[in-house]
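Next up: the structures, one after another.
There are two complexes below, and they share chain A, which is joined by chain B in the first and by chain C in the second.
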Partner chain A sequence: MKLAVCVKEVLDSRLPLQVFPDSGQIVQLGTEPIKLINPADRAALEIALNIRSQQPGSRVEVFSVCDAVQEGALYFALARGADVVERLAPIAEHIGPPSTALLLAARMSGAKFDLICCGDETLDNSSAMVGPLIAELLDLPQVTSAGRLRECSKGKLIVERKLDRGHGELVEVELPAVLTFKVEAAESQYVSFRRLEQARGKDIPVWHADLDLPARKLPQWPSSEKKLPPRARVKKKFMPDASLSAAERVKMIMAGGMQPQQSGQNSAVLEGNPDYLSEQLFRFLKHHEFI
Partner chain B sequence: MPNQFEYLFSPIQIRSKTVKNRIVSTAHVTVFTENGMPAERERRYYVEKAKGGAGLLICFGSSSIHPTSPALDWKVVEMYDDRVIPYLQRFADSMHEYGAVVFAQITHRGRRGHSNLSWQRLVGPSPVKEPNHREVPGVLRREDIEMVVQAFADAAVRVKKGGFDGVELSAAHCHLIDQFWGPNCNFRNDEFGGDLEGRMRFGFMVIERVREAVGDDFVVGIRITGDDFVEGGLNNQIMCEIAQRISAHGMIDYFNVIGGSGETLPAEAACVPSMNFPLACFSYLSGNIREVVNQPVIAVGRINDPVVAERVLAEGQGDLVAMTRALIADPYLPMKAREGRLDDIRQCMGYNEGCIDRQYMGIPIGCVQNPVIGYEAEWADLPKAAAIKRVVVVGGGPAGMEAARVARLRGHDVVLFEKSDRLGGQLKIAKLAPKRTDYDGVGRWLEIQIRKLGVDIRLGAEATVQMVLNENPDAVLVATGAVPLVPPIPGLSECQYAVSAWDVLLGKIPPGNRVLVIDDQGGQESTAAAEFLLDQKRVVEIITPHYSVGEDIGPTNKPPVYARLYAKGCKMQATWELRAIENGTIRLRNYYGGNEIERTDVDVLVYSFGGRSVDELALALEGQVTEFYNVGDSYAPRSLHHAIVEAHKYARQI
Partner chain C sequence: MEEITRQINWNVLPWMEVVLYVGAFSGLIVAAWRLSKRYRVWKLGRPADREVSLGRSVANIVGWIAGRGKMARDHYAASMHFLILWGFIVLFIGTTLVFLEHQTPLHFFYGTFYLVSSFVIDLGGAAFLVGLGMAVYRRYVRKSARLKSSPWIDAMLALMIAIGVTGFLVEAWRIAVNLPQFEKASIIGYPLALALRAAGFQAQRLTLFHRVTWIIHAILSITFFGFATVYFFRHTLVSLLSVALRPERPAGALRPYEISSENPPSGTVPDISWKDLLDADACTTCGRCTSVCPATAAGKALDPRAIVLKLSDLVSRQATLAGGTLPSALDTISDQELWDCTTCGACVYECPVDIEVFDKIIDLRRQLVDMGRVSPAARASLEGLQTRQNPWDYHPDQRLTWSESLRLPRVADGHKPEWIYWIGCAGAFEPAAQSISRSMIEILRQTKVDFAVLGSEERCTGDPARRLGEEALFQQFRKKNLETLRRHGVRKIVTHCPHCMNTFKNEYQSGDCSSSKFEVLHHSQLLSRLIAEGKIRLSRSPAERVVTFHDPCYLGRHNGEYDAPRRVVDSVPGIERVEMKRSRGQSFCCGGGGGQMWLESSGRQRVEGLRLAEAMQTGANLVATACPFCKVMLETASVTAGHQDQVRVRDISELVSEAMER
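Here is the complex of A and B:
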């Protein structure tokens, strides 16, 4: 199989950061910025490498749209075992996710990849747009928020999708396709310092976009003027039953919406060994959609 | 990365006016007026809010459109007199200078109040008294109604002439417009009563006449309740119907939706929800109204923090958020939120006894946390000291911390001694009571501030005269607080099963199920201890020599406290005082009748007589240092509000 992975280098958000709300710019506080491969992209890379190890003759190519100083994620991919890495030089009027996607799609179109793997969102801007936009531009099926791969054969694959509140679904998709993976889709493997150093010694090829990229396809993003948030829809909240007396209604509001607890009414005491108790607790939380 | 306060700091259009953010200070009475005019004190109070960055200021709670509306009890603005116009102009200019949009509220309170200051009878739709004030109003005749409607329009014109951007009609708190709406106070059988259309006729006449008078380029909003929490009153279903009709009528530009009503004491307490209520507790009401109207809606009710406010907006419960008390506690909240300085925001804790509870007593509002409120002319600026001094503060309670904060801000070098291992003083005890956790907000903020400012805090250091003098202080401020007072009642100090309310909250409780609480202090000490014990399933009775248990608890705090105590099975008996304890027998005397009874059915006696100053250090230090102050409870045991104001005042003098 021919596999493509899209990666990005991001600032380590576990370190102190400052965000400028108006410009959206993120700056790491400290002397030297500490960068890493975006964790979800790293999961996507692991998935692609797993497929390669199961299907002999497969090939993993890794792309990143970035300036020369942001090649860290590509070096990491090389050290981790990617066959080819390539940097796509940003176009002059680079304007965020749409132009990133446009460049990646332009590079990959015609290259006949069976599977394009992306991270579902980045640590920094979290727009979660690049993967879906690539799929749209290349007119390929897409699966977002992908978890673990269940099955992968030549023409199709079956993948778990992560939904809200702990729910999930299994999706079968025909290849070629674009998948965006969540960070927990694959465990990351250790990459030794020696291999990283070896990778750093290599030259990364650079691809320059054809200058007459269809500029008309670039959507307006982000505009320089501040956007107003949309009119928020009313989320239905708890309210006391209208048939209750005024005093009861106030009492319920004061109690934060809880019914005054009658002993034994809403509570149960469970006894048993820890395995049984943890199983019951898990079922309760799952049943009430807490997890 | 998205802006944390995407909604809160986006502008919104109300008719022709653009409000720069969604933060609103709603109309409230301040009792700052001079002869019914919004003079300098009122203006300075609002200038701070405008400077702090609030987008919309709705001013002058319940200002009167007509002399028949009670005005003197709360000293509201008298909007029925042309002499108000120059005051309004000066006021509006000041607000506009800082980019705030400014509206004024006008109303006729109808039967809500007393006639014992104006000597004009109260008026209402029907001769039904308000349960809260208990004075029967005279009935408005057809020609009286015409007079009132015209007075509304005239007052609105004065507001416009005064340079304001809009006017708000109050139809909340059971004022005259909503007295006409209410099925429990309008029993007329003419065209102004009967079905909803009839009951809404008066309100619509007012709206139409006001709109006609002010023209198109002026905002006219309305304040309504979302559920008045009164039996047989205006519940949410009726209010959604009323709001829908007003919206469809098309002359009102925004809806400002409260919970509760001024009609009964429990409903009045809900109007300005204290720390007994959850945060943003009435946003579901504004959310429901917002679903049926086309105009912007202001969500109201304990929105004390920009994070809560943003959630209310993002969840569509309102287009704007009322943060009135939050802006009293910290007028600079909008600016600080915008700059991401959330830790620096002095968060309103919903204590209420410094603001709204004082207003209901007819005395100027303040803030238990923010001593500047009402004294902006004197205290809004905090100038640096002419000479840097070495200041020693003894005591890490609220008074000590406020003194240290102010002294440090003025540039002094400050050392603070606290004998225990944590700051907070009595707040550490008070916050242990049920529903009083938020009480610690003031302590948390003060501690964060003095740590940030670099006050030298010495915990576990019980200061002695020598320790203080060893610091070579130029000024010393003693704030060593108080301990529970044990009065010389025979047998009390020796009684094995008697404990103070403080000890109860600290968990030092003698065994036994039957508890008698003596409430002499009159505040929330005894009720808090009683509820703490009720939650342990003990049988609790409170007695007091006063007319009622918790006699001095403010009107917006007492109903929720009573509601919980009675729901938990507490017994309360007024007018009895503790006389003596003899061999397991407790003698009580009726405060008025003088007759005595004996009680032998008590396992635990809890007493609350107020505090006794811990002033040994203060007395020993006086005269030994050049500049010396004793502040807060160690000066005389009083409330948190006193402690903060006093500490602030003296720390400014150093």
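Here is the complex of A and C:
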């Protein structure tokens, strides 16, 4: 099988970030920005590598639309074991998911990939658009936000998809196709520092788009339409009465209200062993469709 | 007066002599051939970190024999081994003398020499048999738990006993024929001969019995030599090498390991250092490593002796390889076994033949890491180390968040202090360890020590990275940290973390980095110095009365510092210090070293729980320690077991800062 993976280097979002709403630019505060491969893209890469290890003769090619300073994700993919990595040089005046997808699609059209794997969304922009756009541009079937891969055989594959409220579905798709994967789709493997350093010593080939982008057709990014942030609303915080004992306060919090003794329609105080309690809690949540 | 000598090979027919010489020669050839097969496999191993000089090797062996090495700590085993070994050597020399007398023009086997040698050889034989008796008692009667049973051992023990007994019988039959007076020098043979005579054996029969016993003795001895390099009996020769080639680096320093890009390792013989393959063959299977291993005690997968024996098995599999893929140590050693090690070093401290046990585990971890075979927890902390420079995975800018109100003097402020106080990742990010840092700051300020901290320029020393098998990442840390230290002209470092101290002292200033020179003190050493100089006066007693001190592995066993922290504890007024059953060199790990701090616990029990129970057995209500990891682990254990009201875990600096006169 011939597999393509689309990756992006992102800023570590677990650290303080500042977003400039006008430009859509995201800046990391602190001394030295810490960058990572986008976690969902990493899962997509793992899926592709897993398929390669199960199907001898497969090949994994990794692409990223980025400037030369943002090649981290490509180095990571190379260190992790991708056969080929390639940087697609962005076109200066077109940034954002639509042009990214356009470049990727232009590069991949005619390359006869059986499967194109993407992360479902990035940590920074979270547009979740690139994968679906590639599929549309290449006229391929797509599965978005896929979970674990159940089966992969010649010509088709079956993936899990999570739906709301505890439901899930299995989706069968004929290849070639575009799939976007969620972070939890695959367990990531550690990549040793030695392998990363070794990869960083290599040159990454660059592909320049030879196409006349139909600029009018591309939606603006970020959207030029300005929206106001949601209005700040006064929230009433529930504070249990400090004069009560700790156990009673915990009961009140768990019952979700001020007056547990007047057990309302949806709140109840339960007592019993943990098995019983967890069973009841589960039923409660299921009944009210929380899960 | 009859001549004091004897006819060599008296009563021995020519064909018997032929059997002896041909047999003995082929026995030795078989033994040498077996050993040479192992030797060829050792040579396939990758280079070891350092060659040991000949003088040093001889000194190692002499020192080992003179002090009986670490073996002497187990008195019974040491005496048993001493008797068997030296008994055997005496008998072997005696046999060689007989051969020289008989086959060469040299003649010395008469007169006083004859009497003395008869006496000494009999004594040797007696020692040999007594030692074997002790072995039988220990193995089959007392059933020492740590011994490994094997049909090979049973057979070889029986064989050696038979050789000893038939040897004496051959002597006794010969003496019994004439009962010459001077043979009284044979203190065992002569009485035995008398006994045989008393039992009514006639001279005619004696010669026949002598012949039969002689040939049996000869065949048994030949068999013994033929099998002398089988199973753990090869230790008789290989252990000498493992002792002689003991590395010179400090106990706390791991050896470097450059993984080549062309041939990523996979646990095969060429990926394992030749010294480790040799070590594996030097193992006597005594099981002392396993008996002190905290992971084994807690019921985890790791058994250090099994690791060594599985490597020895790898040598066997390689030696008998008939083509195909190379056998790998990872076929038989599971990943979990390797991840269970706390690198406490108890195994190395105990091993009587100086096998570097946990270095082998770390080397295999390095290979697993290179393959990406790490558990999710290890991956999280290793990725934290890679991207955020600390295993707790916090942002490097948050290093001084805990101390914002303290306004610590920073090196970056242009201040050139005498001391750098290295806070370390635990001291910066782990709440239970932050209180150690706070106490240290208070003490340093109170005693007017000129110090500063590096703040966000600090990064992990690389101890967890190296011990989790990330050698390249460790070297990166070392490079960056040495650059920082050089940039600020740092000459003296004090740290409360024994792991940081060990890395600075033993791994930053040796090998490729031997040019970097700075003094590193553990806070226990600085505190005991300040107390001795009278700069700290302790007047207030803690609420607890009975204190026991838990030796951190990286302070004690790896760096030999047992007394400084005890002096600090003893200077706190109003408390009594008691020792745990296992302390100082024999201390039992807290379970937090070697990266365990960030890994999941496997097995039946937790190491820290075992140690806390041991501490509580002393009746102490305060456990003092001198390592942030030990503090976190033992404190967690006390909470898990619900003992937090009975016992408190404190770092020595916390004790000092509370008791200090202000």
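Things worth noting here:
What we mean here is this: the second predicted complex is superposed on the first by the 215 of 291 C-alpha atoms of A that agree within 3 Å, B and C clash if a C-alpha of one lies under 4 Å from a C-alpha of the other, contacts with A are read in each partner's own complex, and residues count from 1 in each chain.
One rule holds in what follows: contacts are C-beta pairs under 8 Å (C-beta built on N, C-alpha and C of every residue); 3 or more make two chains touch, one makes a residue touch a chain.
Note that the coordinates shown come from a computational prediction; the quantities given were computed from them, not determined experimentally.
Of the two partner chains, chain B is the only one that A:Arg249 touches; chain C does not reach it. Of the two partner chains placed around the shared chain by superposition, chain C is the only one that A:Leu36 touches, whereas chain B remains out of contact. Shared-chain residue A:Asn125: touches chain B; no touch with chain C.
Once the two complexes are laid over each other on the shared chain, residue contacts for A:Arg195 go to chain C alone; chain B is not touched. Once the two structures are superposed, chain B and chain C can be ranked by residues of chain A touched, with B on top.
When both complexes are overlaid on chain A, the residue A:Phe290 reaches neither chain B nor chain C.
Contacts of A:Arg233 after superposition on the shared chain: chain B is touched, whereas chain C is not. Once both structures are placed on chain A, no chain A residue is touched by chain B and, in the other complex, by chain C.
Note for the complex: chain A touches chain C at residues 12, 14-16, 30-32, 34, 36, 80, 187-198.
Contact residues on chain A toward chain B in their complex (touch as defined above): 19, 21-22, 24, 26, 124-126, 226, 228-229, 231-239, 242, 245-247, 249-251, 253-254, 256-257, 260. Contact residues of chain B toward chain A in the complex are 1, 3-7, 10-11, 227-231, 233, 235-237, 259-260, 266-267, 270, 276-278, 281-285, 287-288, 290-291, 313-317, 319, 340, 560, 563-564, 567. Here chain C touches chain A in the complex through residues 259, 261, 369-370, 372-374, 376, 378-379, 382-383, 386-388, 395-397, 456, 470-473, 476, going by the rule given at the top.
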